[in-house]
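Heads up, there are several structures right after this.
Both complexes below contain subunit A, partnered by subunit B and then by subunit C.
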Partner chain A sequence: MRGTFLARLGKLWLACILFFLYAPILVMAFMSFNASQYYQLPFEFSLKWYEKLAGNSEIIDAATRSVGIALVTTLIATILGTAASVALFRFEFRGKRFLQIMLFPPIAIPWLITGTAMLIFFFGVGLGRGTPSVIIGHVALALPYVIVVVSARLATFDATLEEAARSLGADSWTVTRRVTLPWISSGIIAGALFAFAVSFDQFVVSYFLSEPGDSTLPVLIYTSIRKGFTPEINAVSTIIIVISMAVMLIAARFSNFGGER
Partner chain B sequence: MSARLANHDRLRIVGLLSPAYLWLTVAIFLPLSAMFYFSFLSDVPFGNTEWTYTTENYAAFFQTSTYATLLWKSIRLGLIVTVIAVLVGFPCAYVLAKVIKGRSREALFLLVILPFWSNSLVRIFSWAIVLRGNGVLDLGLNAILPFEVDVNLMFSTPAIVIGLVHSYLPYVILTCYLALQAIDDNLIDAARSMGASKFTILWRVILPLSLPGLLAGAVLIFVPVVGSFMEPRILGGRVGTYYGTVIEDQFVAVFNWPLGAALSFILLAVVLLILAVASPVLKRAQT
Partner chain C sequence: MAEVSVQNITKSFGALKALDNITMEFPDGGFFALLGPSGSGKTTLLRAIAGFIFTDIGTIRIGEESVENIPVERRDIGMMFQNYALFPNMTVADNVGFGLRVRKVGAVEEKRRIGEALELVRLNQHGDRKPHQLSGGQRQRVALARAIVTNPRVLLLDEPLSALDKALRVDMQFELKRIQREIGITTIFVTHDQEEALTLSDKIGILRDGKMVQAGPPREVYNNPADLFAAEFLGEANILTGIVSDGADIKIPQTAAPNSTLAVRPESITISKDEPTGEAISKCKAVLERRVFAGAMATCVLKSHGRTIKVISRDQDIPQNVSEGEDLWLNWPVETTLIVPEV
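Moving on, here comes the complex of A and B:
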């Protein structure tokens, strides 16, 4: 018999953790609907900060840019990442282990170091700051996630299916297109959503690589916070957190992330 | 499959792999090399500036104690945040992995992990609203407590620690959960049936078996915290000067890029050292 008291205490602890994790986000969302500029209570419901937001062209521009960058990043990272995963899965060759280890630095090295290094290098080759540099950086950060997620899906793939298709006369392009890709499609979708999240939420690398006045949404929020809080930032932050959580929830459905199987 | 690859296979491997790895080379590995090169220059080699090779940027780190002190301050922050996150997160992961059963476990686990994948800047900002004087925490405590308290944690070290623990807690819960889930329940039952106390089971069975996951989580928190600059800036204000913020300043305010490069590289060396020490454990955690 399990100690029910301890079990109950544990569940209470878990509840406390969930409260800790979500309370500030909920407070922020709540306050974005509050009429007072100084977050004063009593609460008075108002949509005025969202209306202000809709009229703020600087924020709208940054949001459009962020979504655009995230979409381009997703497209490139998903295609390159899927191709690499298929090669890493299907072939045995020398240096494979090394290539797998090479995926680690973009994830493990603090973004501060990666971001400043990119800034130096892109200036050195004459590209400088700007949206192209940001996209190059984001794709590099997203690639390892795509490869890891797609590879995890590929690991469940039965290679004899390919052999069966081949013995039935399918050429290798047909095998890839009609057998392999459909099987791993849920992994590819999950990888794409991860890539979108990595790019859309990325702050540090964007911060060093984007041009002042031409920045992504998180960078704009950071510079505005340093000038002082406004409920408008609250409103836009609430929208961002809803989008990024929604994207990850869908990704979780596709990748069995958090599942046991 | 034959040991030697056919030519067309080799071509296919190169075709499939090279786009991704060329991209990583251009965006990660060449920049890191460029930064290393830069850290030995006296000035940025753009335009008409005169520059020479020098080791002065590294000497600057050792000549004054400022940078070393800040690096130590950042490392200490990393240790504090890591220890708190592990102490808070491990029991939470245990409850998820071993106490809660069935369908609700999956949903709760997802709920715990979800914030980690949402925007970290926004989450730090949300703490600013909660912690500031006259903020929600202040008002809330005064509404509950019978006496007047003045809570203004904003722009203090505790605020930075709270924000960072909030940012990285899901990481340690994730790695501990995966490690704990892999422990066979029969093992725990066997220990219990042989008369082991709860504490003995925790100390002699559960902890040793979940140690790789726990350490992996610790490393994955420690490394980014040592390099953090956005969190101390927003939540720390004037006390928020850390090694990371000094590096940030070199690139966006002072424009001493070679010094910034040298400071970044010293940080990278520290990070790599930590990863190297932890890598046997991390490797075990992976499998």
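Moving on, here comes the complex of A and C:
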């Protein structure tokens, strides 16, 4: 009796969490298909906000820029992060522990503070605002995620496999390519997807570092909202959420969150 | 195939001397065991020969070549690891062929040699399987095939049989010996199992605290241990020092140096109820503490002057109607007495 009661309570709890998590998003997505600009019911299905969105070159440009920045960030962060993870796994050196610990604060420090610090720093070194600064900032934010995910996968790797490969005559690059990378490939893919999500969803750092008129999609959405809310924003937000969720679901699948494999 | 020679090598890890002035010869085509308790340096020595560890001083030769400064991937060795270290993402055939692909021998040659190697370890039907689909013994064979397929100059085995259960281990010992004879490769293996070392090898090196205690053919090391550690590590030894009076007559072999310790192997001792007679025997009295029947053989534990003496003999050779606590006589031929030099 007691057991079933607790189980029911648990399910109810879970339902509440999912409701509060997803209800606002669903309402927003729902409203992006509503013809009324002022969210009036009854609901009248329409794709007009998506049509208007398609004709809005400002939003399209920002979206393209966001995707481009996210792809470049993903590429750089994944390569650097994977190389760093393999080095941290393979070699013992002075200060290794310190270095590993120093990788975590960027995840915990509020992005607002990181963003401010980066802005001051980039002006200090003469780089200023602009897309290069945004990319550097995004890579710095995404790198710890890649390293954490790839290192977690490496932790399950048996280092004697590398020794075995070397004993068979393989040089360091062949060992990495044929033995180590295949084992951690799922971790690398998951890390890359995290890096993409971190960059694509990034608002604070992008807001500080991008030049006006050259903003990423989240920054553009924010500035549009200040001017006046239109359901076009609902439409573009819905698209972003769908893409982000897809990326994160694939990432979770590759990084064994469910404890499979 | 080549001989291996290790001369005066030393390796320190911080303050710890993992290898302390080790010298040992491994003639071409032989089967050698490095034996010692954990932490004795036996694995470090094997890894130094393999090239995973660079020694501080001393020379290591494989064939005519000094290899101290050559990394493992260019030493042309074959190595088998304790956990087999098969590549999980590759099939059995790809595992075996890894070293050939690295050497770029060509697809046809590669296929032929993989086939030969799998034939040698009797796994030719399993080339398409993945390692996780194999049993422990089969994985071991794959690891062996992978290590020898490149025709390395020397085969190094790190506790190759320790992960197998006892029955399979004995099978694999014979198998390993058969394959080693067939291809005639110089083989060095690390073990902590003294029986395995005695069964398989032409020569045994016993290590302790990074030092080579004794190196020699199994029978020689067994019969003439260099010190007490070697005597007690390889087989068991009953130390005779301190057993006096009560009609005990422990003869000292003429070859014994003045400061030697005398000992006797458990299987050399005969138990009797009555005082034994004879010229060329040593004898003493002892109280039976325990008698353990184990099929063909039996083990008796006795006490004499506070010393525990272990006797292993055929069950039928022990007087049948003896009970624990009874006074018995022990005797053994003088020539079986071990003379252990004080070091």
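Quick note on the criterion: the second predicted complex is superposed on the first by the 256 of 261 C-alpha atoms of A that agree within 3 Å, B and C clash if a C-alpha of one lies under 4 Å from a C-alpha of the other, contacts with A are read in each partner's own complex, and residues count from 1 in each chain.
Here is the rule we go by: a contact is a pair of C-beta atoms (placed from the backbone, for glycine too) under 8 Å apart; a residue touches a chain by one contact, two chains touch by 3 or more.
Here the structure is a predicted model, which is why all the values come from computation and not from measurement.
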| item | value |
| --- | --- |
| Clash or fit (per the criteria above) of subunit B with subunit C on subunit A | fit |
| First (subunit B), second (subunit C), both or neither touched by A:Ile109 | first |
| Subunit B versus subunit C as contact partner of A:Ala63, first or second or both or neither | neither |
| Superposed arrangement, angle subtended at the Cα centre of subunit A by subunit B and subunit C, nearest 10 degrees | 100 |
| Which superposed partner A:Tyr222 touches (first subunit B, second subunit C, both, neither) | first |
| Per-residue touch tally on subunit A - higher for subunit B or for subunit C | B |
| First, second, both or neither for A:Thr160, with subunit B first and subunit C second | second |
| Touching partner for A:Val134 - first (subunit B), second (subunit C), both, neither | neither |
| First (subunit B), second (subunit C), both or neither touched by A:Trp183 | second |
| Touching partner for A:Leu168 - first (subunit B), second (subunit C), both, neither | second |
| Nearest-approach distance, in Å, of subunit C Cα atoms to those of subunit B in the combined model | 5 |
| In the complex, subunit A residues that touch subunit C | 158, 160-161, 163-171, 174, 178-179, 182-183 |
| Complex interface listing, subunit B residues touching subunit A | 1, 5, 9-10, 12-13, 15-17, 19-21, 23-24, 26-32, 34-35, 38, 44-46, 88-89, 91-92, 94-96, 99-100, 106, 108-115, 117-123, 125-130, 134-136, 139, 166, 169-170, 173, 181, 198, 220, 223-224, 226-230, 233-234, 244, 247-248, 251-252, 257, 260-261, 264, 267-268, 271, 275 |
| Subunit B partner contacts - residues on subunit A that touch it in the complex | 2-3, 6-7, 10-11, 13-14, 17-18, 20-25, 27-28, 31, 38-41, 76, 80-81, 83-84, 86-88, 91-93, 99, 102-103, 105-106, 108-114, 116-124, 136-137, 139-140, 143, 147, 197, 200-201, 203-204, 207-208, 218, 221-222, 225-226, 229, 233-234, 237, 240-241, 244-245, 248-249, 251-252, 257-260 |
| Subunit A-facing residues of subunit C, complex | 50, 52, 71-74, 76-79, 81, 83, 85-89, 98-99, 102-103, 146-147, 150, 156 |
